[in-house]
Amino acid sequence: MNELVAVIGTGYDADCAAQALRSHGFRVERIVQGPSAPFQLSTLEGYVGSFALRGFCDGSLTALSVGAVVVATGNERVPLTALKKLPQHARIVSTKQLASQLTKPASITERASRQRQHIALTIDLMTPASREATREVIDLAGQLRDKCKCEVSVLYRELQVDTDWLEKRVRDLRAAGVAFHRLQAAMPEPDAEGITIRHADGQLRADLLGVAQPVRPRRDHPALAEALGIRVGEDGYLQPFNVHLYHFGGTARKGVYLVGRCHLDTDDSGVRQDAELVASQLAVLLTVNGTQPEAVLAWVDRAKCIRCLTCIRTCPHSAVELADAEGVTAAHVLEAACFGCGMCIANCPVQAISMRGQAVPAWLQEAAP
Amino acid sequence: MKPYLVLGCDRSASRALADLCRTGYVLPDEVEYRTLPCSGSLDVLYILRAFEQGFERVLVLSCNDDACRSLDGSRRAAQRSARARTLLSEVGVNPRCVSFRQISPTMAADLCIWLDEFVQPLPAEAEPEKAE
Amino acid sequence: MIVAERKPIAELTSRLAPYRRILVVGCNTCVAVCSAGGAKEVAVTSALLRIALGREHPETRVDETCVERQCEVEMNAELAPSLGNYEVILSMACGVGVQTLAEQFNTAVVIPALNTKFMGRPEGLGEWSERCAGCGNCVLERYAGVCPITRCSKNLLNGPCGGSANGRCEVDPERLPCAWQLIYDRWVALGQLDRYLTNEPAKDWSSSLHGGPRRIQREDIR
Amino acid sequence: MSPVSRLQSLLERREFTVSAELGPPKGPNIEVITTKIGLLRGMCDAVNVTDNQTAIVRISSAATCALLVQQGIEPIMQMTCRDRNRLAIQADLFGAVALGVRNLLCLSGDHQVFGNHPTAKNVFDLDSVQMIGMVKRLRDEGLTLGGEPVDGAMPMFIGGAANPFGDPFELQVLRALKKANAGVQFIQTQCIYDMVRFREWMKRVTDLGIPEHVHILAGVMPLKSAGAARYINNNVAGIYVPDPIVKRMSAAGKGQKARDEGIRITAEIIEQVREIPGVHGVHIMAVEWEEAVQPLTEMAGLLPRPVLAEGE
């Protein structure tokens, strides 16, 4: 059993994943993905506990043996300049930029603080609210109120307050005088003296507007998913919604896990929880007991196989490969990867695959050709 | 020989049926229930063989689309059921004799209703059903 | 590979109606790979025939078997001992396999179950498309590896025609890419667009089926 | 080499020529042809006879052309590669020349799936570029494609088609060059509505020097209604009617008003293409609407047509 785990990605999500894995006793290999990265991932072969992560390093093909793969590539923030309908104006800045200026002298926030300016913050001006943007705006509102003594308004179309922590923060902010308003469809109108923003309760005038940048899935997800034998959902995030897999960081390929914003709408604390969840699952999985085969498995009769590749293309779990044995190449089911779903059996054009294992229903044992 | 066959996914239909049976429900005499490890293993042949063996009607029960642990199982089960209907209608079997439904493990009550419907005579055909 | 598709069951049942002892013979090579005539489709077709023919004549017997390559006499030889038990063979091979059985077993009635479609390749699961027309004189080198004879609806060697729009062929825009768009894209990628300016002369079709049935002989092997 | 036809004479004299399309009837009803001749006589310099247009069976192009010759109208014979192999094409050409046909338009031909015999086997033994080369050889070298001498002279003015609106655009430009290299003397274009794209295509073929050797005849087709425009956009690959034209047709209403507007738009297009260097004539495709040719040519100021002196 290989206890080396590959963590794909850079940034906070990947750091969390690596830290959580190390705390569970795993060794971690960090893999940077992207066109300029030193290691260009091409395929993931093998099965949980015994993967070979193949790719190009300095132009030559190399393989890394790992027990599991954790993807923590995060998401992307959309720059405000990419938001076509948003007026481009000096009074409109991203909340990220505002947050980064809080500690700097002679910054816009420092001036706002000096002049007791009114700062408005939007959570979801252009796109659906995300937990990340909600958290960012709530945090920033508190800091602007407490440290800068500014007048602060928070504008939202949907206020996703779904943790105790956030609920308390919002309550405290309201008590401290931060106004919360529901946004109207109209865009903010900046002019020389300020910005007018329409909301459900009327309109307000602010000196500055902080817009939380929308999040979007990374555009290299399809290529990454193809290399790893997993899928991308319709929304562009890794692993389509599935009740068995979605909340647990799992994918349809055993031993390939997802952490953080590459698959979930979450904030930093959510990423930490997710990383811990995945690491603890891997700790169970990457022990001998955890990789016990399922009670039903597909089994290929090598003598019947015509190497048509249909089963390999059908399997949603990357559990079938072509393998050489005794001088014959034939489809071979990787027992540790097989979910026993039998999808390949029904598609096999020569009836070369059947079910094996203790839990095969009796009628199917009789029906086997 | 029982005339009606249910092919149900082990991860949803079989669990719902087990729940139902715990309440004292007994499968109708005319119904034989066979479990599939995943509805993705449903083979067109299983349905054809059932009719060859003398079953008169087949009901396929699969998980909901986003609840198949193997992602494509429910979609494949639906498509293979449709294929079986097309093939059977080509040999003169009423395609409505094959039905397909999606179920979750918690839908014991629905299952009870469906099984009840399943054993009722087929309603008279208003118009020829379009092949799916 | 050779890509085929099963004929409608109604056509098979009408051809097979006079017979009571039927042997369905599949082929486990090309037509198995394209899910038309391997053991699986033999089983499906046989089951359907039993249901259809057994309704009026319950005594009808439909047996199933598969050979590895039906175009090979030696591989079909295993069928010989049992053929006396059957009135008809339903061949689930390509046209070559059907004819091999007919040539080999001169007293057997052989009926084709498949429509042999084309030489092609799979495009993902459950989808196959044509790539070669067997013209007998390959021109792929001159067209960046895209065959205009097979993939252009008008076989234009100096195409495209005016019916190419947005990369699709007007004959069936949903299903067919314009071969000339594909050739153009490849030429541009390879920096070989100047090749287009050479006019391709009228093709010598004598190497194709238009020159009569073809035969190859290798004295060094014979 | 002296001109072999009236069309060639006029083009070489740099007259802006007018040709019009005549769709033969779906059977041997000569009256239809006579009626259409009546509508076109005096309105154009040559009449273009389609060859089983859109793969719908009609009286043959060669026979119709021969009838036109008898009636004193100069035909342009269309010949497609779809229905004939190299033997049949050459045989029909010998016959047509013997009967006095001089102008030939070499085409690939619409695919048979669009016509009334979609189950037919097509031929496409040659493509249009190869046909052009074959005809040039018959005429200039007196040899058939097979290499045997032709018994008699083959005076022919050879034409081809081009679609500036088809894809890939670059090949639709270069293909005109291939046809020019094969020996084509005039090129008739697909119906023009999109002037931007047509100008770009003309610029590109002019950069290649094609109009120096080849007369380009701009194809136009008057629209009968806004519905017709939308039909073309939705169903005919390689022709595009830009939005402003569709809107003008819609605004014009229905029936005669729409038809008048269609003719007006076409007249405007003719005026615009006349200004483009390299465009030497216009070809009017008033398919099954030959009545439109007179008002259109009148409105576009193309009447009267020039008269050639005897022996010119």
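Of note:
Just so it is clear, A, B, C and D label the chains in written order, and each chain counts residues from 1 on its own.
Basically, a contact is a pair of C-beta atoms (placed from the backbone, for glycine too) under 8 Å apart; a residue touches a chain by one contact, two chains touch by 3 or more.
Because the structure is a prediction, the values reported are computed rather than measured.
More C-beta pairs touch across one of A-C and A-B than the other; that pair is A-B. Of all chains shown, C has the CA centroid lying nearest to the centroid of every protein CA atom.
Between the Cα centres of chain A and chain C there is a gap of 46 Å. Between the Cα centres of chain A and chain B there is a gap of 36 Å. Between the Cα centres of chain B and chain D there is a gap of 62 Å. Averaged C-alpha coordinates give centres for chain C and chain D that are 40 Å from one another.
Across the assembly, chain C contributes residues 40, 43 that each touch 2 or more other chains. The multi-chain contact residues of chain B, meaning those touching 2 or more other chains, are 44, 49. Looking at chain A, no residue sits in touch with two or more other chains. Pairwise, the chains that touch each other are A-B, A-C, B-C, C-D. Interface of chain C with chain A (complex): residues 28-29, 32-35, 38-41, 43, 66, 124-125. Contact residues of chain A toward chain C in the complex are 304, 306, 308, 310, 313-314, 347-351, 369. Looking at the complex, you find that chain C touches chain D at residues 153-168, 170-173, 178, 180-181, 184-185, 193, 196-197, 199-203, 205.
Those residues of chain B whose C-beta lies close enough to touch chain A in the complex are 10, 34-38, 40-44, 46, 49, 66-73, 76, 80.
Note for the complex: chain B touches chain C at residues 44-45, 48-49, 51-52, 87-88, 90-93.
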